[in-house]
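Two complexes are shown next, each including chain A; its partner changes from chain B in the first to chain C in the second.
Entry: the complex of A and B
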């Protein structure tokens, strides 16, 4: 197999060389961090008073973890290290209780993120002769735009199809001879089930590869996609807080994801104790972004659970590999690639006077796609006796949830006293999808 | 002029309609008229009973979601075009009907229909003006 590199020197650098790059970049990030409201308080509190106090990579562990809630508390500018005139892009993601989180990128930051995306694409063996159909949503979500920029840098022809509209997606694949897809695995499965009714046989398409990400999936799902479409599917890892996709990617050998360690410091910790776990042990992924100065983020707890490989990869890359994501250390749900916290749903339904305090969130598979059902109880005193009132209440809850979590759930209204009474969060959420 | 209808919210669950009807039976309450509005996931049972207050007490105690609403019951000539005559009056006077259904029994050679209007007061006025006979609450209790 011909191995393709975007930046061979960095991708195959010795572990010592990678550590040198990390330390050099970490110092710059710490220097930037001192310019933010958030870290300028937090770093001195642990005895780090200037970037010069970072003398080795071990000093990173003196810095406390940064949590999602810290991002929320710092919204909108608490983690911004530069004047907004230096910023060329922001992305926001919805927060756990209605307050969003934001990331800022300077021109340099965006350039570095784009380069890493190009490296990720190239490590799968794709190149400028490929035609990429980007089926992730554009806009505030990082998955769409970041992949788009990276693919353009590689020189691919990019079809910015965005998500949804299955008929048009397949038509575009056919008309423009798409060779590579960027898509969530559940949507790609869904499309396959629609091909017969669309009247476009698989032999009319030129697909070779799919980059699958934005939602956890099993090895079985990958194998199924590969055999259904006769393609190679590559697992992609990213999160908006860290710039989006392009943090870790599978190479041509498809044996787990190379973490780009020159650009991110990865630690795997025990989520309960915060201590580092041994290599090969599952734990929570903690990331330090080394390529973003406009908004530094260090030791960020992703809540994603995975483990690291240390043995070398046949592709020759020295960057350690991470397993697929095995789960979450919090209660976040990933529904058709969209991150949803139960607390966001609770916040919306508690504002609706027509419903009581008991509710249940059901996530299930409907065909290949995820389906979210929110069950609430009708508050008896608010019942006006008409079916249309019930329909209006359902529509209103559905619309308000759409505004908050960006997906439109099915709403079920139940009689009082029929839903399980809350005794902790677990009973509120029922997820019947296959476990990884 | 108006009579009381009870609307009961029923989630789509086996035996739920039975629960409601048997509760009425146990309390010796008689159903005079009945209609079910159904959707995919829930139903609204609309009933006219001989003892609406007692029925509401029983529902509240049993935790059944119910609400009293005002409807009008009218006598319809039991002959071809009998209902059409009344509908024409309502249509000519711009009175909007939300829904309607029939009584279970008849007191005479007239059929009894329950109407729910968005403007009950105006409907009552129009019907009276055109000499349509409206059943009074006492009449329902004694049926």
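Entry: the complex of A and C
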């Protein structure tokens, strides 16, 4: 197999060299952090009074974890280190309590993120002769735009198809001889089930590869996609807080994801104690972004659970590999690639006077896609005796949830006292999808 | 005329809860219908003591409500229902839901009509003008 590199020197650098790069970049990030409202208070509180206090990578561990809630509390500008005139792009994601989170990228930051995306694409063996159909949402979600920029930098022809509209997606694949897809695994499975009725046989398509991400999936799902389409499917990892996709990517050998350690410091911790776990042991992924100065983010708790490999990869890259995501250390649900917190759903339900306080969230598979069902109880005192009223309540909850979490769920109304009463949130969520 | 509307989930045993409790409260069910909405339904009951029936179910935590409906005496004879309905449609009166039953074969039938915006409509006049009698609670219960 011919191994393709985007930046061979960095991708195959010795672990010592990678550590040198990390320390040098970390100092710059800490310097930028002192310009933010958030870190300029937090760092002195732990005795770090200037970037010069970072003398070795071990000093990173003196910095407290940054949590998603810190991002919400800092919205909109608490983590911004530069004047907005230096910013060329923002992305936001919806928050759990209605407060979104935001990331800022300067021209340099965007350039670095784009370069890393290009590196990720190239490490799968794809190149400028490939045609990429980008089926992730564009807009505020990082998955669409970041992949788009990276693929253009590689020189690929990019089809910015965005998500949805299966018929058009398949027509584009056929008409433009798409060779690479960027897509969620559940949507790719769904498309396969629609091919017969669309009347476009697989042999009319030129697919070779798929970059699959934005939702956890099992090795079985990957194998299934590969055999259904006769393609290679590569797992990708990213999160908007860290710039989006391209943080870790599978190489041509498809044996877990290379973490780009020159650009991110990865720590795996025990989510309960915050202590580092041994290599090979599962824990929560904690990330420090080394390539973004407009909005520094250090020791960010991703809540994703995974483990690291240290043995060398056949591709020659020295960057350690991360397992696929095994789960979450919080209650976040990933529904057709969209992140949803049960508290977001609760917040909407509690605004509706016609429903009671008991509710249940059901996530299940309907064909290849995820289906979200929100079950609520009709509050007897508000009932007017008309079916029309019930339909209006259902439509209102469904519309308000669509506005909040971008997914339109099915709403079921139940009689009072029939849904399980629970103290903790976990029991309110029933997820019948395959466990990873 | 008051009709009792009860919200019920569409699964075994839910209707029984209602009838069992009405029996305990000494309520006589004169007529009923179920409006099916796939995952739930509305049970609609004509009973001898609507207010008591409502309170006994509301105490249980049932979602229920008393609705004003139009009970029309329709002599049991071919074409009569059509005459009634065409009178209403000519006056642009919309029927949300309806059910009917025969009390005495070849003699008396009753049509229960749930009218859209009933309080603001002239449905009573239209029905009477078409030659039909409107039944009040006691009249129906004693038929």
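By our rule, the second predicted complex is superposed on the first by the 436 of 436 C-alpha atoms of A that agree within 3 Å, B and C clash if a C-alpha of one lies under 4 Å from a C-alpha of the other, contacts with A are read in each partner's own complex, and residues count from 1 in each chain.
Note that a contact is a pair of C-beta atoms (placed from the backbone, for glycine too) under 8 Å apart; a residue touches a chain by one contact, two chains touch by 3 or more.
None of the values given here were measured: they were computed from a predicted structure.
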Superposed partners chain B and chain C on chain A - clash or fit: clash
Chain B versus chain C as contact partner of A:413, first or second or both or neither: both
Chain B versus chain C as contact partner of A:383, first or second or both or neither: both
First (chain B), second (chain C), both or neither touched by A:1: neither
Chain B versus chain C as contact partner of A:421, first or second or both or neither: neither
Those residues of chain A which chain B touches in one complex and chain C touches in the other: 378, 380, 383-387, 390-391, 412-418
Parts of chain A lying in touch with chain B, wherever the complex brings them together: 378, 380, 383-387, 390-391, 412-418
Residues of chain B that touch chain A when the two form their complex: 5, 7, 9-11, 13, 37, 39, 41-42, 44, 60, 63-69, 98
Interfacial residue positions of chain C with respect to chain A in the complex: 5, 7-9, 14, 35, 37, 39-40, 42, 58, 61-67, 96-97
Complex contact set, residues of chain A against chain C: 378-380, 383-388, 390-391, 412-418
